[in-house]
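The same subunit A turns up in both complexes below, where it pairs with subunit B and then with subunit C.
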Partner chain A sequence: MTGRKIKNSVMGVLVAASAVLLIAVLAVIVWHIFISGVKYLNWNFFTKAPTPMGESGGGVFNAIVGTFLITLVAAAIGTPFGMFAGIYVAEHRGLRFADIVRLGADALQGVPSIVIGIFGYTFLVARFRSYSALSASVALAFMFVPTTARVTEEVLNLVPSGLKEAAYALGARRSSVVWNVGIKTAAAGITSGLLTSMARIAGETAPLLFTAFGSRYVEWNMLRPMSALPLQIYIYASSPYPALQQQAWSAAFVLVLLILLLQYGAKHLIARVLRVKA
Partner chain B sequence: MEEPAIVLETQKVNAWFGKDQVLFDVSARIPKKRVTAIMGPSGCGKTTFVRTLNGLHLMTTGARFSGTVLLEGADTSTMDVVDVRKHIGMVFQRPNPFPTMTVYENVLAGYRLTGQRLSRDKADQIVEATLNKVGLWTEVQAKLFKAGTSLSGGQQQRLCIARTIAMEPAVVLFDEPTSSLDPKSTATIEELLSDLKADYSILFVTHGLQQAARISDYVAFFMLGELVEFGETKRVFVGPQDKRTEDYLSGKYG
Partner chain C sequence: MAAQPSRSDRRELVRERAFTAAGVTAAVALVTTIVLFLLELFVTSRSSRAAFGWSFLWHSEWNPVTEKFGALPMIVGTLVTGFGALLISTPFALGIAIFLADYAGKKVSEPVKYLISLLGGLPSVIFGLWGLFVLVPLVSKFEVWFGKLVGSEALVASGTTGVGLLAAILLLAIMILPFSASLILESLLVVPTELKEGALALGATKWDTIQNVELPYVRKSTVGALVLSLGRALGETMAVTMVIGNGMKMPRSLFDPANTLASAIANQFLEATSPVYIASLIQLGLILFVISIIINIAARIILRRGVQQ
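Let's look at the complex of A and B:
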């Protein structure tokens, strides 16, 4: 065999092995969480709040409610800002300030979540003298905005310029073109970007430690401390009680399932976009 | 043949992309309710010329423009560009119906995009009349509420023509509208032009000599950004006055 052929097959093996490794890592994690988590799963786990210390049974309904509320409110706060910033950058390509905004979004994405958490603690929790779900949502919104802005920009840039020109040629004004042609054509892509961003913040733990704090009760008031799945996992997994450690696995299973569902939903939407384009 | 009125007039139009000048002192008088072909070799400024007429040229970053464009005698630089575009419609090289809209919505896209509300009856009436004008009504009657992009390429292009004339412009610019179509669809659109010129003044960019000869009443020959010759198509094809036109017609470049 020539050197070129050897190089070729070595590369082929490395590439294939890496692909298999990626699947294997996912499989091990999902399998382990499934095996450890599914044992304790029952109806009470989804519908009941934790029982008082020492009593058996109980569930993580408080954390499920918390994850949904905190994530949805964070997305509600972050979506307009992220989308508008993305529209701005997409519509002002070549402008220096647009480049700065894009750079800022990338930098904000790179800020470690623990730093976002401390920030939320200092400016919200300490100022209002109370841990609250709302401060958690605001902190998570800081993580939600940059990803949403970048996705919005990228999807808008995929809209064929011929469509925008056609709209302008019909006498449309810029705001109308951005909304009726840009956003509507890119709607599925933007939606899937929002879902991916939501999946990302739903699994965040560090910012919640400083802001939502956690609660053993089913809490619907955003101004009070609230639990969330990652928080509950953190607290239960580091507790000395085997029953709670088991519940941590089950909660992990539920969280992973939730995130995979969100991401699958996003993929599905992306696929639909591509089919429209084809 | 009596002299037709003038619908559009350009006076010393120059256009640039960055430092490159692509049009040089183009002065032309476009006759009303006739088909005027804009022909010339690739890169001669044909497309840029029609895009200066409806202000699309200036939407390209770095593009500049000087000169005057008169629409029915009125200086377009003093008009709102949105009004200019309502009077000067445009059909593009590639069919580009809006993918998020149905056939029906595509015909009315101009109204919707400019925020004009129509009663249901009026909307139905415009859609049927306009699709009839472009010969699509019988073909797409059953598909009115399917996506505009579900039609064939030639049908999509006629849908784009319908979308443009639904706004009742005075002038319709066609930028090589048949270059991505098969011969049969091309023939359909060419036949359509002779009907459309009863109501609209048409500028038709083409790099095909035969096409220019087939469809146009007047022809403007561009080369290297200059308007070399303008006149009645028969006259220009039979007896070109400029050496460059003669060379082009005899196939020396193109």
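Let's look at the complex of A and C:
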């Protein structure tokens, strides 16, 4: 064998090995979350709030409620902004301002989550002098808008221009073309994008630290401090008590399950879109 | 034809205007957000600038008791962890991307791609939890072993908790791997098949083709992908916060506890009581914000040029 051929085989093995390594790392992490997570799981864990310091038992029902409320409200605030910004960029391709908006969305996606958190604090919490779940939702909405805008734009660009042109030829206005042809054709894709963005913000901790702040009680009022799963995981993991650290693993297990569910839903929808296109 | 617009026509016109207005409003709001962030952080951190001026950037004392704040230890911590993670993960990211683009068949590449997106979708705090309870003890063992190897009594005696720069670098390397691998893969997939087939037809081996045709073709977009990954690593918060050890002094070795800009804010913001302390932490956030905006815009421009070429 010549040197070239030896090199060829060696590099082939190396690139395959790096893929194997990545899968191994993922497997180790998931395995730890599963093994350590299921140990403490029981019915109380899902239905009870944390017990007072020193007492055993208790659960993370407060955090589960918080994650759902904060994420849903953030998505409700962010969806119209994100979708319309995406529609704007898709409908004004080539326009300089549309390019700037797209670049702005990309730049916002890269803003570190702790900066979003500190902005949420100075902009809302410090102004209204109270930690609240609503300020957390607004902070998360700032992460939700750019991803939604980009996904909406990308999915709208996939809609065959023939369809839109046919609608224009029938005398339809732009709003009705975008709405009845664009959005309806791309509905599954956009929903999938919304679910992916929700999966992303549901796992965020840093924007909640100085906004939602956390609470030991099951809280339904968005104007009061509230817990959330990622926040609870962080607080429990940093605590010196083994019982709480165990609960952190279980909460992590629940959070990963929730995120996987959202992502599975998103993937399923995408598969349907691709089938329709083909 | 109709001289008088009918009622449904007028309603359609209103809807059309509302629709356009909504699009423009959302687009303007999105761009304004960046300016709003900049202004808000700038205004709320002004008392820190009034006290320390530009020297904030190169003073290495961060002392809440005497209220002297210099960001250099955090800036160093951010750069060391960011570039360290990038250095470790890049070869693997390239390997994974090349494997998926050129070696794996569809039956292998599809599930692997799914696993990559899975790893990339795990929340930062989960990596932090795993890092704190699994990775940090391993790093601690390594520190003890390494301390004995080089015969450093100090290392064996003191700095062996495992938390510190090294743990943060390793965890960050894992976290940015799926991100950079999938970005590089995207650019590898657009290399024209004719170019590859041409090289193969001339008797080049598969690796010759990759090395001399594909990689040069995607050079620019790979750089763009790596810059984006660096941006991620520099701003990553929770996972780093949980394993870096909240050290306020300038780190002298990779085993030292330290802080990044992001982790300092996460660790200390709720404890900060004096206005100057709070403003200084917000100032760290402002520095981080400006760095991340610059890096992201630069990376996008590089990526766009890479595609056009």
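Here is the rule we use: the second predicted complex is superposed on the first by the 265 of 278 C-alpha atoms of A that agree within 3 Å, B and C clash if a C-alpha of one lies under 4 Å from a C-alpha of the other, contacts with A are read in each partner's own complex, and residues count from 1 in each chain.
Criterion: contacts are C-beta pairs under 8 Å (C-beta built on N, C-alpha and C of every residue); 3 or more make two chains touch, one makes a residue touch a chain.
What you are looking at is a predicted structure, and each value in this text was computed from that prediction instead of being measured.
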First (subunit B), second (subunit C), both or neither touched by A:181: first
Which of subunit B and subunit C A:163 touches, first, second, both or neither: first
Partner chain in contact with A:171 - subunit B first, subunit C second, else both or neither: first
Which superposed partner A:150 touches (first subunit B, second subunit C, both, neither): neither
Dominant contact partner of subunit A by residue count, subunit C or subunit B: C
Partner chain in contact with A:105 - subunit B first, subunit C second, else both or neither: second
Contacts of A:94 with subunit B and subunit C, given as first, second, both or neither: first
Overlap of subunit C and subunit B interfaces on subunit A (superposed complexes): 173, 176
Subunit A - residues contacting subunit B, complex: 94, 160, 162-163, 165-173, 176-177, 180-181, 184-185, 187, 276-277
In the complex, subunit C residues that touch subunit A: 12, 15-16, 18-20, 22-27, 29-31, 33-34, 36-37, 40-41, 44, 91-92, 94-96, 98-100, 103-104, 112, 114-119, 121-130, 132-134, 174, 177-178, 181, 205-208, 210, 228, 231-232, 234-238, 242, 262, 265-266, 269-270, 281-282, 285, 288-289, 292-293, 295-297, 300
Subunit B residues within the subunit A interface of the complex: 54, 56, 59, 61, 82-83, 85-86, 89-90, 92, 94, 96, 98-100, 109-110, 112-115, 149, 160, 163-164, 167
Subunit A residues within the subunit C interface of the complex: 4-5, 7-8, 11-12, 14-19, 21-23, 25-26, 28-29, 32-33, 36, 80-85, 87-89, 91, 97-98, 100-101, 103-115, 117-119, 121-123, 126, 142, 145-146, 149, 173-176, 178-179, 199-200, 202-206, 209-210, 230, 233-234, 237-238, 245, 248-249, 252, 255-256, 259-260, 263, 267
